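Chain naming follows the written order as A, B, C and D, and within any one chain the residues start at number 1.
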Amino acid sequence: MNETTVVEYGEIALNEPVMIVGLPGIGLIGKLVAEHLIGELKAEKVMEIFSPSFPPQVNVNPDGTIKLVSNEVYAWKGDGKTPDLIILVGDYQSVTNEGHYELAGIYLDIAEKFKVKRIYTLGGYGTGKLIDVPHVLYAVNKPDIVEEVKSYGAVFNEGELSGGIIGASGLILGLGELRGIEAVCFMGETSGYLVDPKSAQAVLSVLCKALNLSVDTKELEARAQEIEKIITKIRELEQQQQPSPKEFTAEEKYIV
Amino acid sequence: MNETTVVEYGEIALNEPVMIVGLPGIGLIGKLVAEHLIGELKAEKVMEIFSPSFPPQVNVNPDGTIKLVSNEVYAWKGDGKTPDLIILVGDYQSVTNEGHYELAGIYLDIAEKFKVKRIYTLGGYGTGKLIDVPHVLYAVNKPDIVEEVKSYGAVFNEGELSGGIIGASGLILGLGELRGIEAVCFMGETSGYLVDPKSAQAVLSVLCKALNLSVDTKELEARAQEIEKIITKIRELEQQQQPSPKEFTAEEKYIV
Amino acid sequence: MNETTVVEYGEIALNEPVMIVGLPGIGLIGKLVAEHLIGELKAEKVMEIFSPSFPPQVNVNPDGTIKLVSNEVYAWKGDGKTPDLIILVGDYQSVTNEGHYELAGIYLDIAEKFKVKRIYTLGGYGTGKLIDVPHVLYAVNKPDIVEEVKSYGAVFNEGELSGGIIGASGLILGLGELRGIEAVCFMGETSGYLVDPKSAQAVLSVLCKALNLSVDTKELEARAQEIEKIITKIRELEQQQQPSPKEFTAEEKYIV
Amino acid sequence: MNETTVVEYGEIALNEPVMIVGLPGIGLIGKLVAEHLIGELKAEKVMEIFSPSFPPQVNVNPDGTIKLVSNEVYAWKGDGKTPDLIILVGDYQSVTNEGHYELAGIYLDIAEKFKVKRIYTLGGYGTGKLIDVPHVLYAVNKPDIVEEVKSYGAVFNEGELSGGIIGASGLILGLGELRGIEAVCFMGETSGYLVDPKSAQAVLSVLCKALNLSVDTKELEARAQEIEKIITKIRELEQQQQPSPKEFTAEEKYIV
């Protein structure tokens, strides 16, 4: 296999769907949200993407059968109130620089094939410290949708995201803009050290408003409580440690 | 040389052969088994694969002549009781990510050319600790052969292989599934620190049952005894060392 | 997106322009100078270059909209006294080895398209220590322009730049020579530890002489003073530290 | 520049030349010998090779002009006693794995273009310790020339070069064998820590016998004496240090 290959499973007719992208990244937030949606909505797998830009790996199922690492596309027929959905999830993002660009292009090809009217990419925003109430930050590739996106509860303060957005979540916005495809990125604040189902809940909540959708969130809550126990332990350990060294002042931060 | 090149040596007529893949990997288990089989069966070299995805290296023979690093394909006519065999061995696996995918595709092209009815890939499964009686784990790319594979003495416990199978042994199963080629991976448990002819013996024993084949294993046994002496030394050294730091509890292991 | 893509914005007629290249590098000197010129001259954006050799990243604007990382080409109609200008700036240089060569070729294609009569590439020259009065070093791809280039205040002492010039600034000279395009590199001396607007001022001053151009430099001066304060702090810290270990003698430096 | 480019300078008629390859490598031995030969024989530059597989770099000449990093081919008309020569030298070998294979192929294309009757590749063999009288090891890609090669003073003991030969020196033998081009590699023993003109002298001496050539070696001797002084210093330093930790026994060395 020398080229990225998209395998399609049957036909499905969707009406101006919205595309959700939840690939692995910081805190696994996008992946948690997208997989939760697929499970709750019982969305149907319609495509699988294999690529030499993914690691040379198969995962092993509980029965000893294997699954070549891939990205997967699921479809869900909306109920009129909520739009039809295309949900992209996966085991990995590209491991090479060029592969990121190639795959983001393929994701947009799929969006165009389904005539999606908007893409939401989901991810995390690493803050380097544990957060009690995670905000959901937004970024958009079209200025005139900022107010709409804010109304769903997402926020953005100047100076945040100064390091940019790395990976598929950002590239889909950037390359989407070049193709005229409207796209929004929601990023849950997260420490960056842990799988973060609590931040995933916050992102899911904003996304549900944007989609006029309601889904059960019990499973995410249970996982969040599990992680919360670990965080409590880490905090206890931190308090037993020495104070950290003095931080740089604002001025010293100009240093590159 | 810009592309992987397959050089063929003469013609050989095989009848629905089984393919054995033993490339270098953890514990060198697959390579030990495949080379042992080639030696014992006096299999004939029928192909050599050169690739820019291998290291830029020649090996030097005892007489000062050289050999460009490669993978090699050997053929053996079965005796009716045992099927005809195609055995793939080699100096290296790909050193690049994309090269792994390209080479696995070429291995499957070769399998298709010979109309193989099944592929067995051989490897090791690193446990991080020395093991007295190595199990042989299995993974398959077709659910309905699980019971057959178990009957050869291979095992699989849920939760094992949670990191997936990396490299050619796994990719051949994954890409083979996409092409409808039946494939099984046998992995000998091994510490991951040493060449492991004992684990290779265990894998060979399972493979022989699967192929209805019997081969002399004296050479592997001799090498296993040599390594066993080294392990004894290492164990003595370990016992003189301090106890290792406390391991994570199951709960703490959820951290990514 | 599998290939570097150049997007053009409208047409602009230039007469034998000079091309200025200020991409990110040591001390951010080239970028500081080029962006300063674009701002002061109110040059017009005429092209944008996107490439899979750049990081897979979007930057985020103060309003939450995004910008795919890129290189940009600006144009400015001279006043007769100063030649017409093409200015290349950007967020990144290539992150891969081959990408450097490909992009330098594309920059030269652009130079040829605009029929530029000379290219000035701007960069820094890391000395590893703080410098009070930075020199501006030159390198050229045509021996008969050395005297002219010196007359602008740039210097070159044998033995300097012994490590060569790495990245776009150098490649444009090297590949430009193969195509018969005259090119000069100006490098401001800099410690290599800090963004260096003072060294950028020195490069700007040489460049302005070369272009017979005068621009306001207040903004660069203000940034230089800011950094100067940080340097003062660093120097104070250095004086409190232990003396560094003995350096190698000249002879010992022959060791590779 | 997306592809390796060979620039030719004029025509030169050679009669069954022998090709010498001296690219940078351990101890810079091959490069020292090839450059010494070019200088002493006043060989003529006939080709230059530029490649995206080389670093993105220009070197700077003493007058401030630049030179894009490259490999160069020189030609020399023999005197009847000594054969005509093609000498390949260069600033770098490939920095990528695939680039090594591509460039070795291009070197062989050049050999075929000139109808060379044999190739000698020159390099070093790192022993990890300082050596008083360096041997010259050989490797060949054709068994029936071993005796001839030994007669020039090169040696080979079984078990040496067990790690293979890495880079162009080896690949040219390996890929040359596939094309039926006779090739020999001479490797001077060297510590691996220093530029080694003494080992280069030893290789030159063997090569001169093979070519029936005599050249002045004063320059190499002078450089060797310079390095010898540094080695004396290093030895003094070593003797002042603590004894190194016990080495592995032969048996323990079986560990991979």
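Throughout what follows, a contact is a pair of C-beta atoms (placed from the backbone, for glycine too) under 8 Å apart; a residue touches a chain by one contact, two chains touch by 3 or more.
Just so we're on the same page, UniProt names per chain: A, B, C, D = TIGR00162 family protein.
Quick caveat: nothing in here was measured; it's all calculated off a predicted structure.
Graph distance from subunit B to subunit C, where chains that touch are one step apart, equals 2. Chain centres were defined as the mean of their Cα atoms; on that basis the chain farthest from subunit C turns out to be B. Averaged Cα coordinates give subunit A a centre that lies 52 Å from the centre of subunit D. Between subunit A and subunit B, the centres computed from C-alpha atoms are 37 Å apart. For subunit C, the set of residues touching two or more other chains is empty.
Across the whole structure, chains are in contact as follows: A-B, A-C, B-D, C-D. On subunit D, the positions that touch subunit C within their shared complex are 1-2, 5, 7, 28, 50, 52-53, 55-60, 62-69, 95-96, 193-195, 226-227, 229-230, 233. For subunit D in complex with subunit B, the residues that touch the partner chain are 94, 97-98, 100-102, 104-105, 138-143, 146, 149, 156, 158-162, 164-168, 170-171, 173-175, 177-178, 185, 251-252, 254-256.
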